[in-house]
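One structure, pasted below without further comment.
Which chain is which? They are A, B, C and D, in the order written, and residues in each are numbered from 1.
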Amino acid sequence: MSDLRIAVLGAGVMGADHVARITARISGARVSVVNDYLTEKAQQLAASIPGCRAVADPLEAVADVQVDAVLLASPGPAHDKQLLACLEHRKPVLCEKPLTTDVASALEIVRREAELGAPLIQVGFMRRFDHEYAALKAHIDGGGLGQPLVMHCVHRNPAVPPSFDSSMVVRDSLVHEVDVTRFLFGEEIASIQIVRPSPNPLAPQGLQDPQIAIMKTVSGRHVDVELFVTTGVAYEVRTEVVGERGSAMIGLDVGLVRTSAPGTWGGTIAPGFRERFGQAYDTEVQRWVDAVRSGVNVDGPTAWDGYAATAVCEAGVRALDSGDVVPVELARRDG
Amino acid sequence: MSDLRIAVLGAGVMGADHVARITARISGARVSVVNDYLTEKAQQLAASIPGCRAVADPLEAVADVQVDAVLLASPGPAHDKQLLACLEHRKPVLCEKPLTTDVASALEIVRREAELGAPLIQVGFMRRFDHEYAALKAHIDGGGLGQPLVMHCVHRNPAVPPSFDSSMVVRDSLVHEVDVTRFLFGEEIASIQIVRPSPNPLAPQGLQDPQIAIMKTVSGRHVDVELFVTTGVAYEVRTEVVGERGSAMIGLDVGLVRTSAPGTWGGTIAPGFRERFGQAYDTEVQRWVDAVRSGVNVDGPTAWDGYAATAVCEAGVRALDSGDVVPVELARRDG
Amino acid sequence: MSDLRIAVLGAGVMGADHVARITARISGARVSVVNDYLTEKAQQLAASIPGCRAVADPLEAVADVQVDAVLLASPGPAHDKQLLACLEHRKPVLCEKPLTTDVASALEIVRREAELGAPLIQVGFMRRFDHEYAALKAHIDGGGLGQPLVMHCVHRNPAVPPSFDSSMVVRDSLVHEVDVTRFLFGEEIASIQIVRPSPNPLAPQGLQDPQIAIMKTVSGRHVDVELFVTTGVAYEVRTEVVGERGSAMIGLDVGLVRTSAPGTWGGTIAPGFRERFGQAYDTEVQRWVDAVRSGVNVDGPTAWDGYAATAVCEAGVRALDSGDVVPVELARRDG
Amino acid sequence: MSDLRIAVLGAGVMGADHVARITARISGARVSVVNDYLTEKAQQLAASIPGCRAVADPLEAVADVQVDAVLLASPGPAHDKQLLACLEHRKPVLCEKPLTTDVASALEIVRREAELGAPLIQVGFMRRFDHEYAALKAHIDGGGLGQPLVMHCVHRNPAVPPSFDSSMVVRDSLVHEVDVTRFLFGEEIASIQIVRPSPNPLAPQGLQDPQIAIMKTVSGRHVDVELFVTTGVAYEVRTEVVGERGSAMIGLDVGLVRTSAPGTWGGTIAPGFRERFGQAYDTEVQRWVDAVRSGVNVDGPTAWDGYAATAVCEAGVRALDSGDVVPVELARRDG
């Protein structure tokens, strides 16, 4: 079977990472086309990959007959049109989060895909492919905790770009725990509240950091998430689920080597998302490639998962502003 | 110097533990008098200790000239009168929590002691004497975290007596994290909210368990506490403080021995408060005895600490009922 | 660039694993030929891989013009001839350990390859590609321990096949710690002693298990290895290096999820070498494929490393029999 | 019951620690007499303890009718005479290791005590009272490991006094693992070998450090001990027992607080024996005091345990010199 020819839209950090990944570590696929609104960036990237060319227009890249599938790593606002093009041309697409930047367009995508009768869209919530999250999911589903009741999450970044504002903490960081909640508990989130502690003195002026998100699922389970994106420490992502017969925790990073030095012991912590979730991205993309080559097209979070996450984050941004508990309104799943 | 002669009021679980502790492991003190409203219980206990006698009336025990100090382990509603008797007779007293069962009487105790000009009352928040909490406090005070911003607590009991109701989760369990917050952060708590997740199916009918307490300090720091008293697992007390330059955690119980057995590894967790906080109680009582013998009388949490904890818990019970964020009203400290 | 066409010799456990790996997870390579002395086995395996065929004669497989490189997973006694064929046909080869089964033939392979002027042979000591071993090596080389002085290793298997005898503990298990020692310390092993404790009552009659290997390097560093292959527990591989300024440990397996259950906490341990070293094998093969495609041919342990390991193990078997400290005799490296 | 009046012989580090311990933390005992060959030192120490006096002659201190029991913390060479005096005057004695400095005199002590018909001597192997060692012993005795087969020990000190020589590593450091072996396995040690790796460049000239001790018990169990007394790191004492059905480890020190700081995580390690074994000493002395007051006199390692340890260490020193496996010769226990 010949290699899957992938168009990567977006040559930023995520896009370039995916291009390198597919080229160096993924079996059965290659990057045939890259696109970016910065044409030169795309050309440079394309030039570094044998058999790859830059295409200036993303919709043209999608339509290209020598493109079998699309990996969408463009900025969020571009997703809507590009996803519609993928649907139109029946191209399987792995779409980095968010699905789209607002609930209405996300729902529209869900509906348009549903009309086609078979799924084409997978959303890039890579944590579902992380060995630790997968093992936690298996432990829960295997009944090791009995009924899960409560989840505590910690999501810490050492630093964020200057442009990162308070609502992006919700949309870009919390969105992962939103998906983790839905993945692990297998149900929708019903409401969200955001607590605003006194901010970190080292955070940029105007950035509410840390934030504490408090979510309740439709069956009444409680989830709290510490979001802290200017810790200066490391990339720390921890999740603990507490059930009626025990608890389970992942992400208490112990590093690769346990060292002793004068007076102290310990290890290093993953400095960034690449070190923490590199394996998850690799597994995600390999399984997606396999799914597309086998005709299944999707092996992971769906357009609905992307829509639901967007809806929760939109409520979250309102909760951040108001301080209130904000209900999450979702369309009927079959609607 | 001759041994401190202590009257232990209350011969229940805590009282009997203290009698055994003072008799077997504390230097410079002995139990000379025990009292309980169940006279026979006190007599049996007294008979087991050389040189100890049972006294039927607690106030008489306090007044006894052969009693140098009082350890108060009677039921909460009896504290008020017994503490006043201690103040009247100028007897140093180590009072198990709560100071008293309502804010007004607690404040009255604070005021009556203040009129004496020198402290006599220490409140039995033993966690301050736990090696781990003490090391955490030292780490914070030493600047290891920079400015502390957020605290996460877990407080899990394997089981509670049948009489344990939803408000007792606040008054008897959360009260420790209330004191821990005030101890570690060195400031008062300004408000409290209690989230009620779907209850543990294994909890007794009518007991809201787990509960999630969310507190804010006067400077705006955030504290969340998972209270879960029917886990069936073990006694787990964990505290993590997150600051501007790092975080610190205690209570991730790893047990005494790390074992490997077919397919698994791990250890045992402390089954109850005696195993978890036995050292803390020993240190607390030894230091209190030393303080009394040296004339200082108090070396630990004061009557004010007991009053403030009662005030927070009273607000907490209202928050549990209403679901609202309830402010904590405290008297002026010098009032 | 077209995919590297690999002939896999040997369709046993290791060979089949490698075929699956290359097919499913390795970029830039495919299995074009498989061979096994059990012809039917090879045919079945070949039939499951698109574009792959079975070849009955291993030397013919090596010579095949449609084979770019060879992965040698045949039984040890077959290695000698197959490696010579690879050298003759200038085919890069990744040879599972052992290089050959005796010192003389191993040295002959080293010499024959040297005559070619460029390396073709890589030996499959996969631990060098394990993230933990690589990080430990980096920590040592970065000076984190100062001068390394002592190494402690634990090598435990839950079970071994009925045919596994006492000398195979040395040749098949210890051989990995032999290479680890040479890799981490960057020097040869000078002597070896094997201590025989009272055997595990649960081990098969006649199998000396556990064994304790004690090695000294040419500069005088001490290495001890607990070899215990019938633990019934899990696959545990642990290494601690102690240096003049600290120590470092890897392999204290904590599993993926930390769980609490009534009275206990812990996790699961890797049940076998696939779970423990799956990532190492993937990285090893991907890097070897990359090296071959780039014309470098070898990116890892060399034929010399294979020869030296065989020499140490041969001394180890003599030490097992005699109970003495047996010196390791190596040819001159440039000889 | 009145307090046990203890004479502490030796006012060095250990003696002064014991005086402080008994005075501040032990119930039912007080130090009534102190003695040291440096008279002034003893006088200063005595002056700091209410009701305590210095006595110039140790044998007079033992004989003093106002002394109920003796704690022997004098230098090893003084033990012989002082123990005989304790036996003569029927004074219970807690003797810091070593029992005596040579095998013959140690055996003589054992015999003289046996003639008295009831034990008076306890030897200060405090590790038996450490919570971790006690839990490990209980785990083994409870059958958690099946038959124990192998033990690995690590014994690291950050530094030693300038006078510490190679044989003291055996006599003063290894002696603890000798007792631990006998305690955990419940049998005698049959032989000992000492491996001498290239020494730590940071160790004083002439000090063989590290040393690796290899012991075999009479039933054939294997024990290895890394002795490393100039690590510069911390006080690290680790023991792992491997049995037919699993393994168990203690002493993997994780400190009191788990901290995260930029790029790293970890904790502090006990800097010295006081931090590591303070609880063990407290428990040892409290239980000894309780045993003496109850008339049992000994609750822990006996004179025989002291004799056997001395015998193993004497063989160990010969093994250190010769490099050979040296058998341990013990008298018949009933001899």
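We adopt the following convention: contacts are C-beta pairs under 8 Å (C-beta built on N, C-alpha and C of every residue); 3 or more make two chains touch, one makes a residue touch a chain.
Chain-to-protein mapping (UniProt): A, B, C, D = Inositol 2-dehydrogenase.
Computed from a predicted structure; not experimentally measured.
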item	value
Classification of the subunit A:subunit C interface as same or different, half of numbers criterion	same
Reference subunit C; chain at largest CA-centroid distance	B
Averaged-CA centre spacing for the pair subunit B and subunit A, given as whole angstrom	44
Whole-Å gap between the CA centroids of subunit B and subunit D	37
For subunit D, residues that touch 2 or more chains besides their own	232-233, 245-247, 252, 254-255, 259-262
Contact footprint of subunit A on subunit D as seen in their complex	158, 232-234, 236, 253-255, 259-269, 271
Subunit A residues within the subunit C interface of the complex	1, 22-27, 50, 131-132, 135-136, 139, 144, 245-250, 252, 254-262, 279, 286, 290
Subunit B partner contacts - residues on subunit A that touch it in the complex	146-147, 149-150, 152, 154, 195, 197-198, 200-202, 210, 212, 214, 216, 219-222, 224, 226, 228, 231-233, 242, 244-247, 252
